[in-house]
Amino acid sequence: MPQNISKIKKIGVLTSGGDSPGMNAAIRSVVRACNYYGIVCCGIRMGYEGLINDYVVELGPRSVRNLINRGGTELKSARSQEFRTKEGREKAAKTVKKHNIDALVIIGGDGSFTGGTIFQKEHGVPFIGVPGTIDNDIFGTDYTVGYDTALNTAVDAIDKIRDTATSHNRVFFVEVMGRDAGFIALNSGIATGALDILIPEEKDSIEDLFIAFEKAQEKGKSSSIVIVAEGEKLGGVYDLAKFTKMKYPEFDVKVTVLGHIQRGGSPTVADRVLASRLGVAAVEGLIAGKSNVMAGMQSSKLVFTPIEEAIKKHNEIDKDLIKVADILST
Amino acid sequence: MPQNISKIKKIGVLTSGGDSPGMNAAIRSVVRACNYYGIVCCGIRMGYEGLINDYVVELGPRSVRNLINRGGTELKSARSQEFRTKEGREKAAKTVKKHNIDALVIIGGDGSFTGGTIFQKEHGVPFIGVPGTIDNDIFGTDYTVGYDTALNTAVDAIDKIRDTATSHNRVFFVEVMGRDAGFIALNSGIATGALDILIPEEKDSIEDLFIAFEKAQEKGKSSSIVIVAEGEKLGGVYDLAKFTKMKYPEFDVKVTVLGHIQRGGSPTVADRVLASRLGVAAVEGLIAGKSNVMAGMQSSKLVFTPIEEAIKKHNEIDKDLIKVADILST
Amino acid sequence: MPQNISKIKKIGVLTSGGDSPGMNAAIRSVVRACNYYGIVCCGIRMGYEGLINDYVVELGPRSVRNLINRGGTELKSARSQEFRTKEGREKAAKTVKKHNIDALVIIGGDGSFTGGTIFQKEHGVPFIGVPGTIDNDIFGTDYTVGYDTALNTAVDAIDKIRDTATSHNRVFFVEVMGRDAGFIALNSGIATGALDILIPEEKDSIEDLFIAFEKAQEKGKSSSIVIVAEGEKLGGVYDLAKFTKMKYPEFDVKVTVLGHIQRGGSPTVADRVLASRLGVAAVEGLIAGKSNVMAGMQSSKLVFTPIEEAIKKHNEIDKDLIKVADILST
Amino acid sequence: MPQNISKIKKIGVLTSGGDSPGMNAAIRSVVRACNYYGIVCCGIRMGYEGLINDYVVELGPRSVRNLINRGGTELKSARSQEFRTKEGREKAAKTVKKHNIDALVIIGGDGSFTGGTIFQKEHGVPFIGVPGTIDNDIFGTDYTVGYDTALNTAVDAIDKIRDTATSHNRVFFVEVMGRDAGFIALNSGIATGALDILIPEEKDSIEDLFIAFEKAQEKGKSSSIVIVAEGEKLGGVYDLAKFTKMKYPEFDVKVTVLGHIQRGGSPTVADRVLASRLGVAAVEGLIAGKSNVMAGMQSSKLVFTPIEEAIKKHNEIDKDLIKVADILST
């Protein structure tokens, strides 16, 4: 075990915002890395709520055994209104002081990182962020923890829907998660051979969708799946289904909203390994004196991105991939 | 190979009504059993629509290879309005005559069997039914083909929802399939440790649900899943969520409708084996001169039930199981 | 909550012998049922080893939360040599006395039940058995806890093997678990369309296997899977592969032993519900004064079978099912 | 549809060498991309064997429907001895001429690409390679088609093994695929919290393994999984188990060889999307006049690598990842 000569003797770890598969793997990684470097690790339950209300528990390497493959977050997560207030953050600072916590690892998304930044500015608590969200929309990392699992869960579900769509010559509108980002929609659409994929990043029109239906009919395609991202600008799946039925009364149109199943489940290997790397990196980064940065992987290399940049910019959809989707739906 | 000395030289097989996982395994079994007994087998596509419109194709043992593990139905299914008319059934009878089909195997549910019965009365075409539906509500068999798969799909999904429910201390209302029957709801509720299970067979009241919430809070249960069958009399999941939120504004209440994912997917072993047995049984039954009956398994024994009985009666929910659910949710 | 007027105030629960998926669901059910009936419940870790060495821990309803869907057994299991000695059982009796345990629920197989019977005779500790084993070979219940999961795990794996077998026109010998019983082999063989299925209950000859290969070749079947139960009398998979390669040097022959993956994994719905019912039944049986019996389900009815009978007799393979396998492999 | 003004009017596609999940998705992509660009597409069955023996079939966009999610390769694969001879390749050239095939897309690994290169040199048939192998050891692409699926299959299986290992306090040696490369071993080891991971790229010693066991015991770890790559230099899993048992007779040591299950199964999203991109890229590359190159993705960018380079060099294991494994196993 290497000697820890840095000022960091105690690290607190918390999960914040919407939960994502692999958060437990990230927690485990932070705890074990702390142990490896001779740092005490505290788990803070319920995100920033726990910081405010002193829900703090010491975690040793054995307390995170058999955790790597579990969905959800054992530390629980929450969206804290109180932490948005100066008073809330002052209470949180007292908890940090009381436990002699030298730095935080914050596992979450944009909103959670913003909270951490304000807290750091006001109370001087260093932190490193680990991107945990299924939406994959955080700049500074190719993938976020939870995205690969959510994507595979969506595709497993759409595969099942396709079985019944094909058996009945039906048109299915399937809504997948992604409020501002079409990553899950685009990739799940390609992976399931969707007729059309509607994402927030693209200006889609209902006429384009109708053209797609007509092309499909010409080619003898008898059933179709249309993937729609949650944040799609054209309207929700129910409206799209209604308009389609009005235009093509002979179609047997159905709607499925995949919803929260996309947030749970045992993480895929990619998410477990990513979470493991970033958890270790966050601890090593804090030891090295870094703060206000997010740990991410870009082109298989570890990269620390200033939090401000990670929050401001966004991962962009690959235009080539949209073209591939177009070619393959023919 | 045994000699076939019966009058049955050619059998037609079709899938009708809502599709269910295992229908392909049943088709394969009928085709292979026909081959074994020296009978020609024809697949009729699109259910009774195919009978009306002469969508008939001969199937040999190799044409059903690699089919046993696929969801949906390769013969496709449909609900035929035309077959409900005398004229429609006359067209269907011509198709039967044209192809010298001596008997039919009808894979489907109540409605499909009713159609077969009328057709048999009017045109003298013998048939045997194979119960294929995810609802498990057909009398004369302990389980229907597709039920076990749908149930496991529902539980896989609810397990994922529980991950996120637990991480956020949420209350989730999850709607599962079952228009008139609570089999999927009751069993998936027990299997996922649901707080409460609302099924059409029971008179549930919203007050009982509220009592369950309060008991749970007393015991320190911080998240809850309530399973609601599609056909539940008390109202849909959205209404239940609304009333709950009105009563307990502090609850974080979410809704998920599992929907059509429950109809697809590779069948479980139980469904594959059941479909395999019943497909063989249907062919052997027709050879033995039976008609107007449904093949089913009761207590691991093959049973032929008169179709009229299968349609009139319904499988009943096991009262003991409701008590078990009650004991275990404490 | 009903009043408990029986003499049973404290129940100990343990898992013993080979572990099986669903044991955790059974433990949870025993703990919750005890709670429901006002009985204190103790978990005994490591099977009879824990009884000897006083590994006893009190379990409340919250201590078994989120346990129903986990593979393995949280109480751990072991095969105890010491419990086979009089001295060992005397130590165990002291532990029982020390904790005022009035009765035991023993989750396990034949060997575990034999141990319980001897212990009961010598030291007067009542017990009820819950059949937990993947082999499904225990008399007095249609299915044992863990069997359905193991079977589905085996079939998932064989489906994958079939993908590669078909891609390469290969012959695969796949060994599945079942030392004395062919339930997993026969059912997984039917469910995956195996060419041949070799089980301990049948006298198979290598010549019959060769005939099956030749029939398959005549019919143009280009790849084949042969399922072999662990306890098959004809020899292991490696020998069978060797003989086959000697007879047909042109075959591309491969071997896979599925092994311990069949013992783990999240239990299927059938196993969760079965475990839930039997756990409640065991507690209710002890309250009603029963002992030395095993709780089981036969034809969907709860049945208590004298342990001696459960040990002596064995579930028998369904001959009809062997015929179905034969018909469908054509 | 864009106009195809290149000389490429007809493309042949084949899968060669060991099969991998996602090959079907790649075939589909080649066929659909050809259709999109107005090129006729021929499938060649059984790899180079099919080229020699004229197993050629025209494929339209509908002939690859419902193929993207299937394991294995519908075109079948083979290792051809005859294609290694000049005579074999001459026969193959005749087939190419006979069907007016202008170029080939070869989906496979190192060996398959070598074959394509020689064939191109001798007979002037342009080709582009698509890396399809579970081993992930091909230079010029971050990931090969099939690797992500194989890795997830391995981890699913090891998760199950861990359930039973933990229940019994056992030591399991698990062999995963990877003849020359430790990618599956290293990543599955991290993802399952393995005690130790033995890969061909590292000089492991049995003493290091024993030290790992002793550290684990000191820390109270009661069960352990050791992942061993197929090509590990120290010896096979059976030998390692034997040596371990000799050193620690009190250990309950078990062995599992995961084997061919790692080659099958429905591909993950990553593999489906990768295969889709590379299939389109291969067709577009041929249209653009490229040949003797492999299409790959590096840092989410499409890259064509000269085949010679792809064959000579190898993807290297990430040293940082080995350190992460080391930190987390503590």
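Letters A, B, C and D mark the chains as written, and numbering starts fresh at 1 in each.
Everything below uses one rule, namely that contacts are C-beta pairs under 8 Å (C-beta built on N, C-alpha and C of every residue); 3 or more make two chains touch, one makes a residue touch a chain.
Labels paired with UniProt names: A, B, C, D = ATP-dependent 6-phosphofructokinase.
Predicted, not measured: the structure shown is a model, and the values here were computed from it.
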Centroid comparison with subunit D (C-alpha atoms), farthest chain: B
Chain pair repeating C-D, as identified from B-C, A-D or A-B when over half of the contact pairs by residue number coincide: A-B
Geometric centre distance via CA averages, subunit D-subunit A, whole Å: 28
Whole-Å gap between the CA centroids of subunit B and subunit D: 39
Distance from subunit B to subunit A - Cα centre to Cα centre, in angstrom: 36
Shared-contact residues (touching 2 or more other chains) in subunit A: 159, 162, 166
Topology of the chain contact graph, where touching chains are joined (line, ring, star, complete, other): ring
Contact pairs between chains, per stated definition: A-B, A-D, B-C, C-D
Subunit C to subunit D touching residues, read off their complex: 15, 19, 21, 23, 70-73, 76-78, 153, 157, 159-164, 166-169, 172, 254-257, 259-265
Sites on subunit A touched by subunit D in the complex: 1, 28-29, 32-33, 35-36, 61-62, 65-66, 68-69, 142, 148, 151-152, 155, 159, 162, 166, 187-188, 190-193, 219-221, 266, 268-270, 272-273, 276-277, 280, 298-300, 302, 318, 320-321, 324, 327-328, 330
